[in-house]
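Below are two complexes that have chain A in common, paired first with chain B and then with chain C.
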Partner chain A sequence: MEIKTTTEDGVAIITPSGRVDTSTAKAFEDGVMGTIDSNNKIAICFSGIDYISSAGLRVVLMAGKKLTALNGRFALINMPEKIFAVFKMSGFDKILKIYPSFEESKSFFK
Partner chain B sequence: MATSAKILVLDDEEDTKDLFQQKFRHQINNKIYEFSFANHSEDALNLLKQQSFDIFVSDINVAGMDGINFIAQLRREYPLMKSIVISAYGDMNTLRAVMRGGAHDFVIKPIDFKDFGDTLEKTINVVKKLQQSEVVSKKLSAISDELDVSAKLQRSMLPGNVIKKGSIELWADTVPAAEVGGDFYDFFWLSETRLGLVMADVSGKNISAAMFALIGKTLIKSFSKVYSSPADCFRNVNRTLCSENVTTMFITAVYGIVDIEKNEMIYTNAGHLPIVVINPDQDPKFLECDAGMALGIFEETEFIDNVHNFSPGEIILLYTDGVPEAANKNGEEYGNERFMELLKQSAKVSPNSLTQALTASIREFAGDAPQSDDITTLCLKYRLRINTNVN
Partner chain C sequence: MLIKVKNNIEEISRVCDTVSRFCVENDVSDEKCHDITLILDEIITNIVNYAYPDDKEHELSVNIDKIGVHITIRLIDSGVAFDPLTVADPDVNSTLEERKIGGLGIFIAKQLSNDFKYSRVNGQNQLDIRISTQNGEKSDGN
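Moving on, here comes the complex of A and B:
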């Protein structure tokens, strides 16, 4: 798994690519949690993700909980339909902020 | 940097001891080397019985009647100790034989102590690495034993595979991807006519997931006895899991209660894949329902009871994501289309045959690709009931 992180308007945008499953969840966790240590405005971009397992959902959830505790902001962007279905199925769409694009998440991060 | 090593030297020459102690005095004083000396092979064997050594150094002509066999014997009995032999110049045949017999290295007489020091150091490094790998291997073996016990424990917590009672025939099974898994199923009679069915998946695998699964399974079964509504049961399971959850693990689950008097199932869903209904005369379909969030995440999650009315001969299938998401070597998923097609073909078979056909189909699709997730299924057939009021 490859994880790229860029910063735009003070928001760290984390872009992983490939599959997030049991074997890659740890790398995903390290990448996301490491970024939270230096920035409390985080967006995860899902455009390059073609599969996410429950182990991956757990990482997203951990990030959300940590950022809430830090009074930060956390959003998920550019989610392919198939990945969104997984978030919807597990009910995570009800507690996480999901935006079609970074542009549309900007007002949330302000 | 030298590592501390215990060295046993076998030589019958009186001045050998003095020579070694003088040449290695620096290492001896700094407790890097600790030498013991033996004059006969019997002395050496006695010393080896009393304490362990890392290195055995011997003049090939002193090691008893048959130095070659003696070295070979030591190698068998003390596999973590390595031998260095000292041989006279030109005695190549003996040297070759003793090396083949298991000596690790050799030096030629008269001893060049610089060369001997290097040989010793190299051999000690080999021994230390060997000892470390032995420690790791023992630890791994202990962990592996633990995993075996955990896997057995986990298996023993499942209610078995089969129920055949009246109009109901049920078959359930799980194939974990790792030694122990995060999936579990359960079924239990709540009364003479009401059967509880549970299918669940914990985020993650192995021991931590298995422990969380055990907590979840126990909670669901306990609350099922208190609350007759599946939604009420899950509401309380969820609250309890949330209040004690420091791991951010969660459980997706479905819980249904089959009522064989009313020919219906009341069910609720916590972020899990929908139950499939397979009818002999129709295409299989998902029992879509308003699912609550997975268990263990958000204390105030609401769950809803849904009702399904059984038709005679109908099959319902509860499963985990290891089924539709099983992948082959190219990363392609088994997928809902193949899943539904197989179920359509299996509409008239027994739950056991259906489960077996599904597992075989997934295995065939996945080919050589390693199983990446647990595959767990619970299949219930609501057999044809003859309505006595017809005539």
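Moving on, here comes the complex of A and C:
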């Protein structure tokens, strides 16, 4: 798994690519949790993800909990439909902020 | 089609690839193929992580077939007795702070299945899963 991180308007945008499953969840976790150590405004961009299992959802939930505890901001952006379906099925759409694009998440991060 | 799987996490991507090929050969849509792959990923991950308390190599079997408009999957493992249907569903209405980490894999597998049955047969765990290849058939989960 490749993970790119860029910063825009003070928000760290983490963009992983490929599959987030049991075998790649550790790399995903390291990338996300490592970024939280240096920034409490985080967006995960899912445009390059075509598969996520509960191993990946676990990392997203951990990140959400940690950023809430830190009074940070956390959003999920650019989610393909089949990835969104897995989040919705798990009830994560009710506890996490999901936006169609980074542009649309900007007011949340302000 | 019978797939033999060793109790090793590395095996899961091979199973997913094999199942994807099975779906293409049987004209199963990409969307349903995604669901079938995810179900198997979650269930096999669970078996590999929890079914065998020793450090030895074990083998489980996955039988996948297309019967009419349904995909049927039978998973058999010789691990400790474990009925996934006894695992409480996560509370999908809890707040972020309350939401527990874990327990999601089996829940997702049940949600995506139209039929999900467990039996203990000859000292082995047997899971029988059925998934409709057509959209719209309601998943009963349990």
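What we mean here is this: the second predicted complex is superposed on the first by the 110 of 110 C-alpha atoms of A that agree within 3 Å, B and C clash if a C-alpha of one lies under 4 Å from a C-alpha of the other, contacts with A are read in each partner's own complex, and residues count from 1 in each chain.
Following the convention adopted for this analysis, a contact is a pair of C-beta atoms (placed from the backbone, for glycine too) under 8 Å apart; a residue touches a chain by one contact, two chains touch by 3 or more.
Note that this is a predicted model, so its numbers are computed, not measured.
In this overlay on chain A, chain B clashes with chain C. In the superposition on chain A, contact of A:Met1 is made with neither chain B nor chain C.
Judged by the touch definition given at the top, the superposed model places A:Met62 against both chain B and chain C. In the superposition on chain A, A:Asp21 contacts both chain B and chain C. Of the two partner chains placed by the overlay, only chain C lies in contact with A:Leu96; chain B stays clear of it. Residues 21-23, 51, 53-55, 57-58, 61-62, 65, 89-91, 94-95 of chain A are contacted both by chain B in one complex and by chain C in the other.
If you check the complex, the residues on chain A that touch chain B are 19, 21-23, 25, 50-51, 53-55, 57-58, 61-62, 65, 89-92, 94-95. Against chain A, the residues of chain B that register as touching in their complex are 177, 182, 201-205, 248-250, 252, 270-273, 291-294, 297-298, 301, 321, 325, 327, 331, 333, 372-373. Partner chain C is touched in their complex by these residues of chain A: 21-23, 51, 53-55, 57-58, 61-62, 64-65, 68, 82, 86, 89-91, 94-96.
By the touch criterion stated above, chain C contacts chain A in their complex at residues 9-10, 12-13, 31, 34, 37-38, 41-42, 45, 90-97, 99, 101-102, 104-105, 107-108, 111-112.
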